[in-house]
Amino acid sequence: MNKIQVVVWGENVHERRSEAIRKVYPEGIHQCIASTLSADESFEVTTATLQDPEHGLQDTRLSNTDVLIWWGHIAHAEVADEIVDRVQKRVLEGMGLLVLHSGHYSKVFKRLMGTTCSLIWREAGEKERLWVCNPGHPIAQGIKTYFEIPHEEMYGEPFGVPAPEETVFISWFEGGEVFRSGCCWRRGNGKIFYFRPGHESFPTYRQPEVQTVLRNAVRWAAPEGSPWIDAIPNVKLSPEGIRQE
Amino acid sequence: MNKIQVVVWGENVHERRSEAIRKVYPEGIHQCIASTLSADESFEVTTATLQDPEHGLQDTRLSNTDVLIWWGHIAHAEVADEIVDRVQKRVLEGMGLLVLHSGHYSKVFKRLMGTTCSLIWREAGEKERLWVCNPGHPIAQGIKTYFEIPHEEMYGEPFGVPAPEETVFISWFEGGEVFRSGCCWRRGNGKIFYFRPGHESFPTYRQPEVQTVLRNAVRWAAPEGSPWIDAIPNVKLSPEGIRQE
Amino acid sequence: MNKIQVVVWGENVHERRSEAIRKVYPEGIHQCIASTLSADESFEVTTATLQDPEHGLQDTRLSNTDVLIWWGHIAHAEVADEIVDRVQKRVLEGMGLLVLHSGHYSKVFKRLMGTTCSLIWREAGEKERLWVCNPGHPIAQGIKTYFEIPHEEMYGEPFGVPAPEETVFISWFEGGEVFRSGCCWRRGNGKIFYFRPGHESFPTYRQPEVQTVLRNAVRWAAPEGSPWIDAIPNVKLSPEGIRQE
Amino acid sequence: MNKIQVVVWGENVHERRSEAIRKVYPEGIHQCIASTLSADESFEVTTATLQDPEHGLQDTRLSNTDVLIWWGHIAHAEVADEIVDRVQKRVLEGMGLLVLHSGHYSKVFKRLMGTTCSLIWREAGEKERLWVCNPGHPIAQGIKTYFEIPHEEMYGEPFGVPAPEETVFISWFEGGEVFRSGCCWRRGNGKIFYFRPGHESFPTYRQPEVQTVLRNAVRWAAPEGSPWIDAIPNVKLSPEGIRQE
């Protein structure tokens, strides 16, 4: 069986600018996530960053990517629109996409959702408890009734997204808020999973339950069918079925 | 403009058996809700209970009901299947249905959802905070970012229902749980709203925000189109369109 | 009761360039639709075109628009991105949007859907029969089991959109295709209805059933709640609820 | 890897009563489908019929079934409610369910949908063309733009079901109707696929494209996660998380 080709994309700005963040993720957030996933032998994992040529997302590389993981925060605006077009096209064609934490405001996510993707937040390092809403869901396997992250940034409702097709996790925050923290959508032929945790100042991606969810989500988001993007190319394949002018 | 015909159905068992509950709702839960709604001149509100002949839900009465509100708890099993059939048929035809609190386990709700409708709970009289997930939704009008109920029974995820078409409220509980407390579905031609609050031992239905939500939900659930139940009767109306054997 | 403020936006290119099209719609497609809707006293209808300053969609005008109707075809690329941003923002805030026929490829629709919005087509002037999938739906009121358009352009599946929340019409074409011709979505606080018929070379918008659907759809898409666009502005309204840094 | 355990349930009445039907399916419809699927080495396929004790759906057998396929028509009423309860419970727990053709009116399907499941029909042996709405969907793999069945019973809209989460096929009928012929829903932890074709008087299940769809659908419907039915049993597993009274 072929390995699932995973690219972990990291903005890689906080880690370079701030010593405090570098202490939490000296290898970079993207490398931390990549290492975690590499432990699974069914994945082939590489990384890409904002600073790479074409942000590391060349056409041929994306064509061979099964699942793209996206972490960005303060440099969303620096992502080139041409690359956003390319990622959107690949998702519609069938590539899975995991959007993490502050990636809710990435150009890529907003493009695919069509909405503001806004939310409320508070950086107080408070306790987050993520409840499983859907215990049989493939993304929740290995997670009990709930799991906790001792210190995280709070994200709260209202979350400005289209109604999720599946809500896998809802978070409870110590300070009194709630948030739909694990949401699934399909767009075109691709699966999209938004997963809330992962502020740069906390070692959230080193927590085993978070790693379990990421691994599950990669498997869930991997393409199941053949690539497909648009009705029009089919014209050449099956002219008798379409009979255009 | 015609008034919206509302029937508030109450199981009416706790109030008769328990003095403690009678102190909270001496008039009965159904009467409390009905009085609240009657203040709105665009509604015509009556009540029905389990103890009435046919549980007060005669065929002709249901035919003239625009929105049915359902509160039940310990006597779900005593509701006759024939009446459940009748309510289901009227919802599919277009009647709105508001299911309150412990009504999640009513035969009527389980019939329309097709699932267990299970959840977790704890009776500790703790604080519940209901967040608005969808501030522009008609059911949330007049509610700010959130509202609180000082003492309520806790209901927690996982909630065993089909993915809601719209999630209007999510609750945060003092004890650490979350719950999708305001959920919308359409079944056939009818709209269904599940609203979590309303344990019999707390004066929840006397709280202005809860009353606002109920009024909004009645307006939202009222039929918008013509009654419709089944493809088959249309045969007689439009034979040319169906051309059955 | 206030009238529903409707703006009919027309690309207005075919009608000016082609004598054949001008014969079908001498007043312009947008004017034909506007006249039709104006017959309903509960609507206040105006028009706007691509050629107007800011395409006729000034900020203050959009702010006062309840429902925007969009017809475009060969000049999608000429619509300024700034205006697309503005329309998207107003839809998310609560303005209803009806997208007609070739508007499936408009920047506005693609922005809100996040997908290709592609489909197959054939211009043969063949018979289209639109079946009602949801006879109780407000948009289908006054339409029998189905209605026919004697000569129309064919649009066929696959239709590259997110799964519709409601499918009101599916078309059968004489030449052998099918298409989801009446689809509903909600994005942010706004309702979106895509309605397939309306090729520029056929007098489709003069047909009573098509006009009935447009009128119904305007009423359905009109805002039900208060305007709302983003979690962030609420901070000022209810600081105690959000307690951001 | 473990084989997917498939049970093909057949009503098995037409085949025994009518010589005409017996000529089409001398082995029984269920046996025809089972033989087809058995060619796939990743499936372990058995059959069950209405006439078997407990209709062949004993508790222990269902517990070991990954995907149940249901074909019934004139004897829906003879299916014991107790067995319907059992099948529903297993679907909610995670078993996949494929409902075929006239199974739309089975107790099992109506129970899980909560609606009438009604439709219009005509038995004229006309041509059906099934269009793929979602070419990348796992159930559509191996199917081109569309496929045709030369002679089938017509089923037409409106189809009285909750809005499908995915619409994989829509049928075009020679006589002028359309139908959502391949629809997906999730209920509890189980996946449900309704597939329209398969009238008893036509050799539909001997057609390669139909067999391809059935094989794809079995793979799609097979459980992905762990079995799960209800919030309540979890109490024992994670008492600290639930803390019920």
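First chain written, first letter: the chains are A, B, C and D, and each begins at residue 1.
Just so we're on the same page, a contact is a pair of C-beta atoms (placed from the backbone, for glycine too) under 8 Å apart; a residue touches a chain by one contact, two chains touch by 3 or more.
Values in this document were obtained by computation on a predicted structure and should not be read as measured data.
For the pairs C-D and B-D, the count of C-beta pairs in contact is higher at B-D.
Comparing the contact residues of chain A and chain D by number shows a mostly shared set, over half of all numbers used being common to the two copies.
Compared with chain C, the chain whose C-alpha mean position is the greatest distance off is D. Averaging Cα coordinates per chain places chain C and chain D 37 Å apart. Chain B and chain D have Cα centroids separated by 32 Å. Touching two or more other chains at once are residues 134-135, 156-159, 163, 165-166, 186, 188, 234, 242 of chain A.
Interface residues of chain B facing chain D in the complex, by the touch rule stated above, are 88, 92, 111-116, 118-124, 156-160, 162-163, 165, 175, 185-188, 229-232, 234-235, 242-245.
By the touch rule above, chain C contacts chain B in their complex via residues 93-94, 134-138, 140-141, 144-146, 165-166, 186, 188-189, 220, 223-228, 234, 237-238, 241-242.
Those residues of chain C that touch chain D in the complex are listed here as 129, 131-135, 156-159, 163-167, 170-173, 176-178, 180.
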